[in-house]
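Paired with chain B in one complex and with chain C in the other, chain A is shared by the two complexes that follow.
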Partner chain A sequence: MTARRHQPANTYPLYLIPGAVAFLAVIVYPFALNVYYSFTNWQGVGSPSWAGLANYRQLMKDSQFWQSFQHSLAMVVAMAVVPTVIGLVVAAALFDFVAKHFGSKLAAVLRACFYLPQVLPITVAGIVWSWILAPENGSLNELLKAVGLGGLRQDWLGDPHFALYSVMAVMVWVQLGFPVVIFMSGLQRVDPALHEAAELDGTSWWQRFWHVTLPQLRPEIYVVMLWCTIAALKVFGAVYVLTKGGPADATDVPSYFSFATFFEKTQVGYGSAIATVMTVLILALTVVGLSFQTRAEDAR
Partner chain B sequence: MSKARSRTVVTAMALASALLLASCGSSGGSTGDGKTLKLWHYEGPDSAMGIAWNQAIAEFKKTHPGVKVEFEAKGFEQIQKTASMVLNSDDAPDVMEYNKGNSTAGLLAKQGLLTDLTPEVTKYGWDKLLSPSVTTTSRYNTQGVMGSGDWYGVPNFGEYTMVYYNKDLFAKNGVQVPTTPEEFTAALAAFKAKGITPLADAGAEYPAQQYLYQLALTKADRAWVNAYQLYQGKVDFHDAAWTYAANTFADWVAKGYLAKTSSGAKAEDAGVSFISGKYPIFFSGSWWYGRFKTENKFAWGSFLWPGSKLTLGSGGNLWVVPKKAKNKQLAYDFINITMKQGIQNTLGNNGGIPVAASPTAITDPASKTLIENFNKISAADGLAFYPDWPVPGFYDDLVSAVQKLLTGSAKPDQVLDELQKAYDAGAPKS
Partner chain C sequence: MVLPLLIVLNNALKSPGDYSAHGPLALPHGIYLDGLKSFWTRVDFGRVLLNSTLISGSVALAGVLLSVLNAYAIGIGRIRGRAWILASFVLANVLPQEALVYPLYYLSKQLGLYDTRLSLVIVFSVIQSAFGTYLLSSVLGAFPREIIEAARIDGANSWQVLWRIVVPVSRSTLGVLMVFFFIWTWNEFLLPLVLLPSNDNQTVSVALGVLQGQRLMDATMTNAAGLLGALPAIAFFLVFQRTLTRGIAVGAVK
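Let's look at the complex of A and B:
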């Protein structure tokens, strides 16, 4: 008979319990309840009455929801696409030009400045921007007047033709710091020899950016795009503070629409259906994005 | 898995489940000890109501030695958006200020979250202090519709809208104070001719929709209001009153009497622009009166909308006692103190409209006029409530509607179509 070797017990699962319980309590349980309520008519208290798929049928033909969803796509442009593009150029410029010619300290200070809006609570930033964009005595209009461009003054947040673009511009400002920081740390990972070799070959800055920096930063670009797209699809705070979905629904987004349906109209069942559809869309997008990212990384 | 390990896992899971259940459950359901009054309201400390209620708290403490008052200052929106959840929990206050109307207090009453105050109203005689039109917003039927049924709230102030005007700007521009609708329109045109936008406005919040509703009220009567607010008849947004209101509003925007740029402005912006002397006229509620008294640096006055027997207004916000309140008797005592003459006089002398003050105790002449006007309107059954009351969420629908009129992004007819759709979706189906 051979002596059995004592194997230490695998206690790792124990450490997972607190996280699993929290996940169940904070994510799974409320989401399951939300899905359940989406099949009911309910005012928030009392007994919900079963409505089957009625809320979803209503949602499918609700033009306000689809309009709000279109605004979400505009937010993806403002919060993911534009900040990623500008962020790449800014990060490369700070890393490759400012740090080299003016020192890494200045580059770090500028990076912090770009990141500052990310640290500010969105309500504070939103209120300040609503002052800047105010039609009367707003800083932007006053500035335009002062430089002789008074004819360009607008009601930036109150005119349906401009409101969505104004909110998008604010969101570009809010989001820009995130890709800048991620891309700058990504650039530090890139082998400097690649840039040096390209430089010795007599390439221009733009050629180096296009053929060296950009391909090297692909993993960071995927992360930033995915992260920011999800943030854009569920954007709420900025819309709430700046426009409350107005003027005339011009900046309404699904999360604000869901909130108003819940709390203003007290149609909890319908609000839950909106929230469920949003969650499913975001989850689907995340899964597609992650698999795309994994495939791209595997192909490298 | 060894027995010892499985025991550890089971114990840990049991503990975690207990914690989870505890976090999901209620925070205890103890009954009151009669030693603490939990009070919530959302009036600013410098407002007439804030001042009066601070005095009421002091008096309550004097008459209830040993009772602690736990006052929490809340925001209007905070209470508005979370009331049903808070009142459904065991953390409900004993007495709370709440907005009146079908989609607010009526909804809570229908949901069984408020205490029926009818016995206390009779016992303390509050009904004898309040005029019938003020009590409309205190009583709700089983469907949560105001005007009849049991008492679910007690108001102790009133409010109404009026035309505030800058006397200095009127005099400087040679404009007469209007007394008829024609003179009113002529005054607007006269200011516009001098390059001045006459009406202070805010499209992102209530002021713009109050202009619209007041325009409709000039062509309406009590039956029209009752149909709209109390569902006592068919509501047609393409009737003469609403059509006149939407067309006139759009016309005033086109003529520059209402600024297009006001579509994104908030109520505060409109009020401040009147205070700064930029606009000569502002149509809004008596809740601005005290502030104008303090902050206006020019001679100003007010008059009722010319040619209209009806104006926006009602009894003020309600004191409600949640069904789950623990110290209801203390709550009743507190409400009773706020109805006493001393507190009511304080309210009246600080720019509020008391419902039970002694006429001789109001010493400020401006406050006297304000209160007299309210009593006149109230006695003539002229309070037409507010346009957003009939259905939940209608406030946002109205904001969207007037913004479309201000920016010209929809025709009056289309706007009225949208309002009809939103109203029909939210009104009780009978």
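Let's look at the complex of A and C:
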């Protein structure tokens, strides 16, 4: 007689049920509705009337929409490119200068200072910076006056020539901590023997940075660039509190544009089309970015 | 990096007269707390703090619970189609909230959940669990299988294995996730702005953002707002600094 082995039923799929139901209700169904709305004319009351591709056709001709996308590119520079570049230098400096000469404790404290803006609500950053950048009595203008550069005082957020750059500068401040933290933990992974060998060969700090640190950090650089670019394309809160897209649309971004179209102009169909185009771009970027990253990692 | 916050601290403690006489860069001539008090009462700050804490705390718990259940099926159960399921969670994680905001607004009105804190707890628990599932699935995928098999041979069913073995062993990762969910939810702006319009239900983030949008505050009160808004985040940051910096690196590079 053979002992019958007790085979428990596979119950694992059951654990997915709560998550799947919630996911369908909160993400999939609303997203499908959004896509549906984008093919309709709808003010949010009454029933939507089918409009086919009219919203998308109008979007293609809408200069405000294209302009908001140009500002998105500016945000990618401010939130992904600049923080990555500065973050690399800061992380390398903290890691092999500050930590070596002043102790790893100080390096950790400084890292925490860089990271702090990342945990502040964006509205706090907005309040702080719009007061610092204020035209009358703003700290930046007062500081310029105090050091004898009073002629450079500006209405930093209210002047269409400067507003976008001011918002970009604030975003660099907000964003910098993320790459610093990631790069510093990446540097801990790098074999110290590599650095020591380079040091013995008498290379300068910059040479080591270029030839040892940078190539070693390539996976982290991909990750940071990808996530920060996605975050830049979605930026909303900062624009809302700093400028509300103004002055004269100088800082408008797609997400603020869609928000205003939904809730101020109540053109729900048009707003949904903007949101759908944003989604397609972001998802495409993610898929391309992730496959690029996987390939790069496989090639190592 | 901390300089802007120090300037705010400096000016939150000044009287309006001191501020206008000496400007934002001078040190305060005496400590003045009325700015903080008047800001506190004006936005009913105690109430918005409570709202933020309740909402973020519930999301941290519910979001982690959903993530654990999903990740248990995917990482340990290795259920069929898991690659596709995981991919859809990743995509949901990068989906812009703008593409959900109007339908969520409309649906919450139809379901009678509009302007309730519950609506936000539900929405963010699901949104955060998209990231949590992604992260935890890979952590649980590497879970030592011998332990699970040993427990199964001893007659434990999958529910018991989950709660008696997997959850206790993964507790530190779950802790990191909870901290993240709490802070992220605390800082969210768009969906709370749309789903919680009334003063009674507003979160710290939204209360500050709306006030700033109206530009009704004088300089003293602006600084009081900046200081009081930053304090809970800074306190939380100091407590969980290590967890956060370690967790962010793990989460991003996974």
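Worth a mention:
Assume the second predicted complex is superposed on the first by the 290 of 300 C-alpha atoms of A that agree within 3 Å, B and C clash if a C-alpha of one lies under 4 Å from a C-alpha of the other, contacts with A are read in each partner's own complex, and residues count from 1 in each chain.
In the analysis below, a contact is a pair of C-beta atoms (placed from the backbone, for glycine too) under 8 Å apart; a residue touches a chain by one contact, two chains touch by 3 or more.
A quick note: this is a predicted structure, and the numbers were derived from the prediction, not measured.
Of the two partner chains placed around the shared chain by superposition, chain B and chain C are both touched by A:G44.
Looking at the superposed arrangement, the partner reaching more residues of chain A, out of chain B and chain C, is C. Residue contacts after overlaying the shared chain place A:T11 against chain B and chain C alike. Of the two partner chains, chain C is the only one touched by A:R111; chain B is not. In the overlay built on the shared chain, the residue A:Q70 is in contact with neither chain B nor chain C.
Residue contacts after overlaying the shared chain place A:F263 against chain B and chain C alike.
Residue contacts after overlaying the shared chain place A:D155 against chain B, while chain C stays out of touching range. In the superposition on chain A, A:T294 contacts neither chain B nor chain C.
Residue contacts after overlaying the shared chain place A:W173 against chain C, while chain B stays out of touching range.
In the superposed pair of complexes, A:K244 makes contact with chain B and with chain C alike. Taken together, the two structures place residues 11, 13-14, 18, 25, 29, 44, 244, 263 of chain A in contact with chain B in one case and with chain C in the other.
Partner chain A is touched in their complex by these residues of chain C: 1-2, 4-5, 7-8, 19-20, 23-25, 66-67, 69-70, 72-74, 76-79, 85, 88-92, 94-104, 106-107, 122-123, 125-127, 129-130, 133, 152, 157-159, 162, 183, 186-187, 189-190, 193-194, 204-206, 208-209, 212-213, 219, 222-223, 225-226, 229-230, 233-234, 236-237, 241, 244-246, 248-249, 252-253. On the chain A side of its complex with chain B, the touching residues are 9, 11, 13-14, 17-18, 21, 24-25, 29, 43-46, 134-136, 155-161, 163, 243-250, 260-261, 263-267. Taken in their complex, chain B has these residues touching chain A: 2, 5, 8-9, 12-13, 16-17, 19-20, 23-24, 81, 84-85, 88, 103, 107, 111-113, 203-204, 260-265, 269, 273, 278, 392-393, 395-396, 399-401, 403-404, 406-407, 409-410, 426. Against chain C, the residues of chain A that register as touching in their complex are 8, 10-16, 18-19, 22-23, 25-27, 29-31, 33-34, 37, 44, 111-117, 119-124, 126-132, 137-139, 142-143, 146, 173, 176-178, 181-182, 185-186, 219-220, 223-224, 227, 230, 233-234, 236-237, 240-241, 244, 254-255, 258-259, 262-263, 268, 271-272, 274-276, 278-279, 282-283, 286, 290.
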